[in-house]
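Each of the next two complexes has chain A plus one more chain, namely chain B in the first and chain C in the second.
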Partner chain A sequence: MLKLEKVTIRFGGLTAVNEVDMEVPKGSIFGLIGPNGAGKTTLFNIISGVYAPTSGRVLFEEKEIQGIPPYKVNKLGIARTYQNINLFKQMTVLENVMVGCHTKTGAGLMSSILRTRRQRAEEKSVREKCLDILHFMQLDSKIDFKSRNLSYGEQRRLEIARALASEPKLLLLDEPAAGMNGREKEELSETIRRINEKGVTVLLVEHDMKLVMNVTHIICVLNYGKKIAFGEPADIQQNQEVIAAYLGDTRND
Partner chain B sequence: MLVQLMIGALMIGSVYGLVGLGYGMIYKASGLMTLAQGDMLMIGAFLGLTFYKYLHLPFVVSLVFTMIIMFSLGLFIERVLVTTLLERGAQTVYIILCTISVAMVLQNIAMFAWGTNVKQFPPLFKKTTVDIFGYSVVPENLLALGVGIFCMLALHFFMTKSKFGTSMRAAAQDELAASSLGINVPLTKGASWGIASMLAGGIGVVVGPIFGVYLSMGALIGQKAFAGAVVGGYGNMYGAIVGGIFFGFIETLISAFVTVTYKDFISFAVLIIVMIIMPTGLFKEQVMDD
Partner chain C sequence: MLNRLKEKKGLLIALAIITVVCGLMLKERYLALVLCFVCINIIAVTGLDILFGYTGQVSFGHAGYYAIGSYTSALLTLRLNLPPALAVIIAGFVSMLFGVIIAFPAAKLVKHFLSLLTIAFGQMVYIFIAVTVPLTNGTSGIVGIPHISIFGYTFSTNQSNFFLLLGVVILVFIAKKRIVDSRVGRAFIAIRENPHAANGMGINVRYYKILAFAVSAFLTGIAGALYAHLMGFISPDTFTASQSTLFMTMLLFGGIGSLVGPAIGSAILVATTELMQSFVSYQMLIYAIFILIVLFYLPNGVVGIIESLKESSRKQHTDKAVNNA
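Right, the complex of A and B next:
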């Protein structure tokens, strides 16, 4: 579904991502891991259109998408969440999710001013869809709260809800478990599985190894911008290079 | 006497408010500052005068045409000038300088096209005064007030109810998140510059018949609108309106009961005092802390 071919990006002299090849199969939960500064978030930003790669190709459903702006990437069916929560803080929980739906609605300015019947019907269906998503993410008791007043875990869930509202085929989750407690992490694993069961392919960047090993089908490991391992969770756990990258390479000392 | 004063104060206050609102919108949408709002108003007034007086179009049509042209002008400034500067790594001060340059260019274009004399609108109404509850009021003032209130309400509903307005608010609060949700952020930014100059230009058309149309008409209104926007809490649309009306009242009351000559001196002294007492403005704006 998503394929990276020799993707490279340089910032000045720093090569943040170096010739990474990767393929995310349709319907999978794909884990992208690596130590701090390995280039995971940078790769995310390339896929979602925030950065254009210096070289290489990004293919989504056989179409080249590298270098096209984020809002167009979203329209193709890729949604994402952010490592540092990026919610619309002064909007309510429901409004946040409704913004996510906006690209899927057709009514233009004139019909929203004139409040045509179609417009009202559409607004109602958008609202219902958003409420469904909020129910799915267990936020239905908070719909009228300003998003900045939610707890940290709730804000993370709201980010996922908002991303789901744009009906993505591929969902990019950037460290969704950061700052969550143990129970919240377990619930998050469950949520990711349920999202996946609905037919959404998930690409997950996460530091929490237990969560990654528990939830993903395939894992790709990055270190210093290079892919160092690729495979099923069980194999990755045994991979010497991965262990060295995480614990520090003792052979060179 | 008092009723006429109040209507006058509300009228000039909503003029300051609507022009000031543009500063806030632009700041919120793009984090940038324009200082061309006053001259946008002046250009709008000249365009309106041209459509109405020389091309003999109905007043409403002149107003609408002017607003369309002014919207395009604002959009052009953001999409072409500001974007190019930012792409080349210009800092915020350069953008401010760019808007000052735009203001100068507009003034000179106006001087070339319409000359340096004060131009008068032909009277819009047959009567010079109308009776409102036994008070005689200048109808042009009522028109300006009416257009002002209409624009405020229309903008409020546009921003809160329409899809594009919601996208604009979302993009203003979090650009990155908005763009990854399919919102065309460059377009929302351009539109905010467009709306700001459209409002200033439209207001120019309705104050033209009251004050006359001349090259420097925008300068002082622009400054007071800016002051109103700051007092209201820079970046807050509603604050700019309240701040503008606050300024309108101070100015009107001072000129009515204290002094006409020194009204600007006192108004701006009040501005400094407000800034010292309430450094965040009347409505604390959260843009900066987020």
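Right, the complex of A and C next:
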């Protein structure tokens, strides 16, 4: 579904992502892990269009998408959440999710001013759809709250809800469990599985190893911008290079 | 259902106030003129609010659109003999065109760079109308601009003009409310709140910024055109940088990003200006004081006070309910 071919990005002299090849199979929950500064979020930003890679190709459903702007990437069916929560703070929870429906709707300025029948029908269906999503993400008791007044865990869930509103084929989750407590993390694993069961492919960046090992089907490990391992969770746990990357390589000392 | 009822209650109160005001005003010609100014400013400031309050794009050059609307409408009626009502609408679109032209570079800029661009635009328009004597008659201004007439009825008195302008204000309010509550309005607000996330959610940020400039320039242009036909006389003096500052002061004082904010701000500042007629040279100083009040005590304008009062009364309500339970 998503394929990276020799993707490289340099910022000045720093090579943040170095010739990464990766393929995310359709319908999978794909984990992307690595120590701090390994280039995971940078890779996310390349996929979602925030950065254009210096070289290499990004293919989504056989189409090259590298270098096209984020709003077009979203329209193609890739939605994302952000590591450092990026909600629309002054908008209500419901409005945040409704913004997520942007690419699936089409009302323009004139039809909104004139409140055409089509525009009203669209608004109504958007509302219902968003209420469903909020129910799914267990935020239905908070719909009229300003999003900045939510708890940290709720804000993370709202980010996922907003991403789901664009009906993505591929969902990119950037450290969705950061700042969550144990129970919230368990609920999150369950939510990710349920999203996946609906047919959405999930690409997950996460630091919490327990969660990643629990929920993902395939894992790719990055270190210093390079891919160092790729495989099923059980294999990754045994991989010497991965253990060395995480715990520090003592052989050369 | 409850919301519906609340909305209607607000509407009824507004209507009641308007009726009382109209009753009073029919006797007072001067009061009618002041209310006309209030209406015109509400329209202009509502335009600024769409851009600044909702989309987060600052503009210190809205006197430019005001001037373009005024002069376009005046020249169309005097030189081409177009009916004023039609000229006002065309003036709105001409102003909108300039809004779009400015928006192309402006959509790339943020914060102080955007402020500078919009200040420059306002100054350019001012200087253009002041020096292009063959077209605009320069600093002497244009006289004899006809009153608006619709279906053979000419709005020649201040009173009749007030009703006309009130009608336009109501239309503008309805349009604004509908825009804000729509997909387009959500895109505007999303851009204000977080342009990166808006982009990530599939919103073409550049397109919507340009659209906001267009709507904003249209409304302020219409306000300028209505001003020209109300006064019958326009000159560059009205369209200086201090007019842009005045619009911004009205918006900030009333409260940004709200429906009634521009109305409250316009009413209070027009009233102040009228009351202070004898201190005209201190006008800018008075606006500066208003801005300082906003900066230190009213970050959300007068609307902010109303909102926080509502919130605290609601809290008391729920507290009571909890205590009773």
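What we mean here is this: the second predicted complex is superposed on the first by the 253 of 253 C-alpha atoms of A that agree within 3 Å, B and C clash if a C-alpha of one lies under 4 Å from a C-alpha of the other, contacts with A are read in each partner's own complex, and residues count from 1 in each chain.
Keep this in mind: contacts are C-beta pairs under 8 Å (C-beta built on N, C-alpha and C of every residue); 3 or more make two chains touch, one makes a residue touch a chain.
Since the structure is predicted, the reported quantities are computational estimates derived from the model, not experimental observations.
Novice: With chain A superposed, do chain B and chain C clash or fit?
Specialist: The answer is clash.
Novice: Counting only touches as set out at the top, which of chain B and chain C does A:74 meet: first, second, both, neither?
Specialist: So A:74 meets both chain B and chain C here.
Novice: Check the residue A:125 against both partner chains and state whether it touches chain B (first), chain C (second), both, or neither.
Specialist: Neither partner.
Novice: Using the superposition on chain A described above, determine whether A:162 touches chain B (first), chain C (second), both, or neither.
Specialist: Touch partners of A:162: chain B and chain C.
Novice: In the superposed arrangement, does A:149 touch chain B (first), chain C (second), both or neither?
Specialist: Neither: A:149 stays clear of chain B and chain C.
Novice: If you stack the two complexes on chain A, which partner ends up touching A:138: first (chain B), second (chain C), both, or neither?
Specialist: neither
Novice: Of all the chain A residues, which ones make contact with chain B and with chain C?
Specialist: Comparing the two interfaces on chain A, one with chain B and one with chain C, the shared residues are 48, 50, 69-71, 74-75, 79-80, 82, 86-91, 95, 98-100, 102-103, 105, 107-109, 112-113, 162, 166.
Novice: Can you tell me which positions in chain B touch chain A when the two form their complex?
Specialist: Residue list for chain B touching chain A: 157-158, 161-164, 166-167, 169-170, 173-174, 176-186, 286, 290.
Novice: Which chain C residues qualify as touching chain A in the complex?
Specialist: 175, 178-179, 182-187, 189-190, 193-194, 196-205, 211, 215
Novice: In the complex formed with chain C, which residues of chain A make contact?
Specialist: 48, 50, 69-71, 74-75, 79-80, 82, 86-91, 95, 98-103, 105-109, 112-113, 115, 119, 122-123, 126, 162, 166
Novice: Which residues of chain A touch chain B once you look at their complex with the stated criterion?
Specialist: My answer: residues 48-50, 69-71, 73-75, 79-80, 82, 86-91, 95, 98-100, 102-103, 105, 107-109, 112-113, 162-163, 165-166.
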